[in-house]
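Consider the two complexes below, in which chain A is the common component and chain B and chain C are the respective partners.
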Partner chain A sequence: MMVYSWQDLLSSFRILLGEPLLNTMAIMLGSTLLACLGGIPLGVYLVLTSPGYPLAAERLYGVASSVINILRSIPTIILVILISSLLYFRYSVYRPTDFALLLEAVVMWAIAAIPLCARLVESAIKEVDKGLLEAALACGATVRQLVRKVLLKEALPGLILGITTLSITILGTTVMSETIAIRTIASRAVVRATIDNDGEFIVSGIAILAAIITLVQTIGTKAARHADKSR
Partner chain B sequence: MKHIEPIIVFKKASKVFPTAEGGENEVLKDLDLSIGRGRIFGIVGLSGAGKSTLIRLINQLERLTSGSLLIDGQDVTKQHDGDLINLRRHIGMIFQNFNLMRNSTVFENIAFPLRITNYTKEYIENRVNELLETVGIKEYAQSYPSKLSGGQKQRVAIARALALHPDILLCDEATSALDPRTAKSILDLLKSVNNDLGVTVIIVTHDMSVVRYVCDDVAVLDGGEIVEQGLVSDIFANPQSLIKTFLHGFGGGQA
Partner chain C sequence: MKKSITIAILLALILAIAGGALAKETIIIGTVVGIQESLINEFIVPALNKKGYDVSVRVYTSFGLNINTDTVQGKTDVNFFQHEPYLKGDSVNSGKLEVLWPVASFKMGLYGASASVKDVTSGGRVGVPNDKSNLQRALKLLASEGYITLKPSFDAEVTADNYKSHIEGRSLKAGDIIALDQPGLKAGFRTRYSAVVLSVAVAYDPDPAKSLFGLVIGREDNSVTDGFVNVFVSRQVDLKGQDAYSKKILDLKAALKGLTEDPAFLKILADRYSGVVYVPGAK
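Take a look at the complex of A and B:
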């Protein structure tokens, strides 16, 4: 039985809204951004090599698709631990600062999120009417022009919603961040509530996460609606 | 009758698609067809006759399996990608579903072929305004396609197709999604494009009234082969079997 007072609850908010909030936002926003740098080109590549698209290559698409499926079936935390254990050698060279550790975490989470990002981008672009593809090619567009000026532009609302989903998924996986010594809101809430028996942290943690998710989703939905001129 | 110089010539053209079961589907069979410069040429046929494939061969959205296709005397089946892009810039195309970019304004849609061809901003601005005038939708320049009617959307598509001064305009069931009155106004526009700009217009349709209204020549496609071809005036005066089916609708032909 975990008993806590109002004062405990308030102080748990104060603690979570400090460093854990900064770490959480750094991973959520930074990793989403980095994952897009890898995931968008990969998603575009998946679309172009799909059957019925300009660079259709059944084998290549099949291989890329399976690799993504396999990577996606591995839980984020296992990928992160794998990458971090590959990085252990660095301790023999130097001792990373807290900031360097956070940067590493952002990169690791981004790498782990690339396969999901690629899939979300692929499905958003495949929503674009294929007739439009034909029209652009008939106008004499090159594949590069087709991607930049037609596919990405027309898929923008779907891409925004996909990236919103991606960032919220990344937020969810930060619950495991303490395995590499990064304290985020979700991880703190779990550790404090289960190991230190401070139940108030799970309450304040959920409240803060709910607020962040609501905010991000609201912004994403609004931005997508603004970008969609088809209604 | 004066001699008409051909602009498009198919020789023994065949197109085979692989089927999902691993077989082959021969959509066009040893087809010979010559389309005269400056004409309005109708290609009619029932669904699955190969009309859409035939028109897509002209701008090489589909490649021939065998045979040759001469456009302006050049065999386009032997061309490489760079030449293809050049070819397509001389051939406009419009579609049944208009295929406009929904997240771009009317102006941007029409400017698309110009922008990908690296014209200057001033030239594009002038050219698009000229085109808006030609197709009669000047007041909608800054609207998005979702705000337009079907007829207006097709006008935008025609303006886009004409942007690069094409020699040929391909129309794939361009009036099939429109009501009869709107369809007629679009056909009138195509007529004037042909007449005033000298563009060769190729119309694929399953609607005989379209052919009768605008076309000079017609070819009837059935099962991947041309079963009838000639001047529209001759064909309608002395219709053969498939044309009869078309003309008499459900009541005609072999039941």
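Take a look at the complex of A and C:
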């Protein structure tokens, strides 16, 4: 085990809290948001078409479910490389700026996270008491009303917790972001510590990541509790 | 019945003990995927088999300090993936390891993504490795090709986190140079050009001219490459060969010495990897 000087440790914090922190937060928050835009409708669709729900269609559910299974089985890094290979043509049209490269990364991570988001939404909504669903249908609610006023509203605490889990999962996968030239905290910590022999980066990297995860999880838990009470 | 079982067990025991005694010594070599692995499998394993050793090759998917740690801890007997400057930079393990034998140099080169793009300044981006030692090498290559200049503050501490403030753009702007990891450099989708150790590209296709990247735009000078000879690294060896480890490692050293002086081996390197992979000092 190596002993690091305080100066090394401090300078590693200073480096990680610069651009790597911004990139990490951009990917984590941006792609969670984008993944929710795609994943929540998909998750609702999965629930509605599953057996026992108003739009039950066994075949459609089966197809959607297996497509999601296949997409989830592709490792994030392979999906990212696939998408960037499709984007290569852009060099004949324009030269992407740094911001465009980051934006592409956010979109790539979002696409990779949509299937997981759909599954988390599906399981959160299926937790809703079926009695409520039947009551709403008996009162003559349309499917749109049912989704908006019953399913999503009742499942909100579970949804918030699921999205919190999603964002932390995305944070974990940023460790391979340097394949597309985005320097994040996790990737910097790994490269500096395991290749460049600057072991202090593992200490500062874990400390910063732990802080981020604690913060996100605390906010998520609090928001879920709040949603549970005000339901 | 009982008797036959007893005999069978005894027989099995005897066979096991005899087998253990007759088993050949095994040398475990740690290496990384790519040209290093193929050099070991093609040339070094047969040479050691001839000397009566079994060889097991442990292949790592990317290089890193853990390969040295594994050699120090005895998970591998020797490793072959690094050049001497990298070993010196490993402050934790370098005291317990020593250079056994230099084998070959791998040149660094600048690649274009396709044969049609030859002008590096034409609006694409240039990818450089994200690890300290290869990054500095790549930036020096770009500087020697005249695309950038290195500021006086450029030193051994330049990393992927701060290289942009230590270089000055000439025909290439500093912002055009981005650091990627090895898979990203090989895939080349984020950049139009990549500076990589040519051996990485050679591993895809033995003919550098036809390799994945299509075109070599610039390559390192021999005098620079010679400072980065890839070496076999072992734990401390007793030169008299008193203990079992030293004995087999000295045999390995003799095999490597024979190989790097063998004209047939030099000719294969020269023919197949023309000027990209070579034994320094050999004609």
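Throughout what follows, the second predicted complex is superposed on the first by the 225 of 231 C-alpha atoms of A that agree within 3 Å, B and C clash if a C-alpha of one lies under 4 Å from a C-alpha of the other, contacts with A are read in each partner's own complex, and residues count from 1 in each chain.
By our rule, a contact is a pair of C-beta atoms (placed from the backbone, for glycine too) under 8 Å apart; a residue touches a chain by one contact, two chains touch by 3 or more.
Quick caveat: nothing in here was measured; it's all calculated off a predicted structure.
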item	value
Partner chain in contact with A:Ala181 - chain B first, chain C second, else both or neither	second
Touching partner for A:Ile195 - first (chain B), second (chain C), both, neither	second
A:Gly131 touches, of chain B and chain C: first, second, both or neither?	first
Chain A: partner with more touched residues, chain B or chain C	C
Which superposed partner A:Leu156 touches (first chain B, second chain C, both, neither)	first
Touching partner for A:Arg59 - first (chain B), second (chain C), both, neither	neither
Which of chain B and chain C A:Ser85 touches, first, second, both or neither	second
Residues on chain C engaged by chain A in the complex (per definition of touch)	63-66, 89-92, 113, 123-125, 127, 130-133, 159-162, 175, 178-181, 183-184, 187, 189-192
Residue ranges of chain B in contact with chain A within the complex	59, 61, 85-89, 91-93, 95, 97, 99-104, 112-113, 115-117, 144-146, 157, 160, 163-164, 170
Residues of chain A touching chain B in the complex	129, 131-132, 134-142, 145, 149-150, 153-154, 156-157, 227-231
Chain C-touching residues of chain A, taken from the complex the two chains share	2, 15, 18-20, 77, 81, 84-85, 87-88, 91, 95-96, 98, 101, 176, 178-181, 183, 187-188, 191-192, 194-199
